[in-house]
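Sharing a structure here in structure tokens format.
Order of writing sets the labels: A, B, C and D. Residues in every chain begin at 1.
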Amino acid sequence: MEPIDESQLVRVQRENFSIDRELDRVKSRSKRIGGIATFLGIARDRSKGRDVDSITFEHYEGMAEKKLREIRERGLKDFDILELLIIHRYGEITIGENIVLIIAGAEHRAEAFRACKWAIDELKQITPIWKLEHTPEGEVWVEEHP
Amino acid sequence: MEPIDESQLVRVQRENFSIDRELDRVKSRSKRIGGIATFLGIARDRSKGRDVDSITFEHYEGMAEKKLREIRERGLKDFDILELLIIHRYGEITIGENIVLIIAGAEHRAEAFRACKWAIDELKQITPIWKLEHTPEGEVWVEEHP
Amino acid sequence: MVTIKLFGMTKMLAGNQGSLSLALPNGRRVKDLVELLDGGYPQIGELIHKKKVLVSVNQEIAHEETEIRDGDEIALLPPFAGG
Amino acid sequence: MVTIKLFGMTKMLAGNQGSLSLALPNGRRVKDLVELLDGGYPQIGELIHKKKVLVSVNQEIAHEETEIRDGDEIALLPPFAGG
């Protein structure tokens, strides 16, 4: 393992991110990495039959980062992976822009896919982040898990 | 769908690729895309207990591209996805470099993951590409599927 | 007095305040806090009873019997919608 | 005469030639080609019999009875190892 600032591996930030740069960050963690599975969430122009103009994400600063760190640590413990990176954006996001990035690096691809899919599912379940959709009819706080 | 050169979505090439650029290519195909699953294969420094210095990939030009196009078309038909991009490199690749990229874009993440995982499994099964590992003890043609 | 952070729809239901300050006279458990909210912010209280809004204490999800001490960080969390 | 493309270990077993040219006198099916290879390149022939090396005709995997015509593109494919 090369030295790296671990805080860079779990972030909640306003600015966009480069997937190439984040992949390099994960790759630099181990030369054993042979398969990297990535999930990228994008702002869509439709949601449950409604047109969407843009989205604003709000997060509970401190707790959101804490929950993402927990996901990374559990992922590294429970799956045969070498690194797990999680970035979520907040603030206003226009259609087609990046929202969330998960990168799981492993020796073999099956575990990279499993960990990546688990991490985004878990993020949606336990991370205090909220989504306000701006539509032609007004603003709606989205309830993904009623 | 915006106009795009479809031949760019399935490639066998010597040069490296930028994942950001390829993601933009996929995203430009539809504003309905909300989830993108990506697989990136990397040259590892170990293989079946052997040290590996570098890898050379050889492909059957023409047939390799044809099989990758078949995978893209079957993926678009059999999964609820909006785009599927496949790039494989050939020639000499040093440790840590990119080998293969699969990008599956869908409205929802579950299908993106399913299609992406299927595509890389299928690529390994049916695409005429061969791998020569350069090790301290000599060169070995790898038999992934004995 | 305890200060309660609000987010998303709970912020909206409290007149777009980012936090509430409430006097918690006795008991000092989450259920006592919820009783206070039932009085002052019945829509929020109802969402808590329906488990649509969760209460966190010091950045962990709390339950009815969780104790609240001076200086604890309390928040009302509407349904998460990240990702 | 047919020309047969070689890759990976089959190229190596044929002395690092990228292709073979063989006279296919009669029959003109994949099994006739394999019989010729058994004579000239027994190691390659054995790998085909073990199904470790596949024969393709016009970029599709062929079987023993697949016909070979003038101008067809034939190749011997060792186990794939892409990805």
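The rule we apply is simple: a residue touches a chain if its C-beta (ideal position, glycine included) is under 8 Å from a C-beta of that chain, and two chains touch if they have at least 3 such contacts.
The structure presented is a predicted model; accordingly, all values stated were derived computationally and were not measured.
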Where chain B and chain C overlap in contact partners, by chain label | A
Measuring from the mean C-alpha position of chain A to the mean C-alpha position of chain D, what distance in angstrom results?
-> 49
Counting in whole Å, what is the centre-to-centre distance of chain C and chain D, each centre being its mean C-alpha position?
-> 74
For the pair chain A and chain C, the C-alpha centroid-to-centroid distance in angstrom is 27
Separation of chain A from chain B, taking each centre as the mean of its C-alpha atoms, in whole Å = 23
Per-residue multi-chain contacts in chain D, two or more chains = none
The positions of chain A in contact with two or more other chains are 41, 120
Which two-chain combinations qualify as touching?
-> A-B, A-C, B-D
In their shared complex, at which residues does chain D touch chain B?
-> 5, 7-9, 12, 52, 56, 59, 73, 75, 77-83
Of all residues in chain B, which touch chain A in the complex?
-> 18-20, 23, 27, 31-46, 95-96, 107, 109, 112-113, 116-117, 120
Chain A residues touching chain C in their complex are 41, 57-60, 62-64, 66, 88, 99-100, 120, 123-132, 141-146
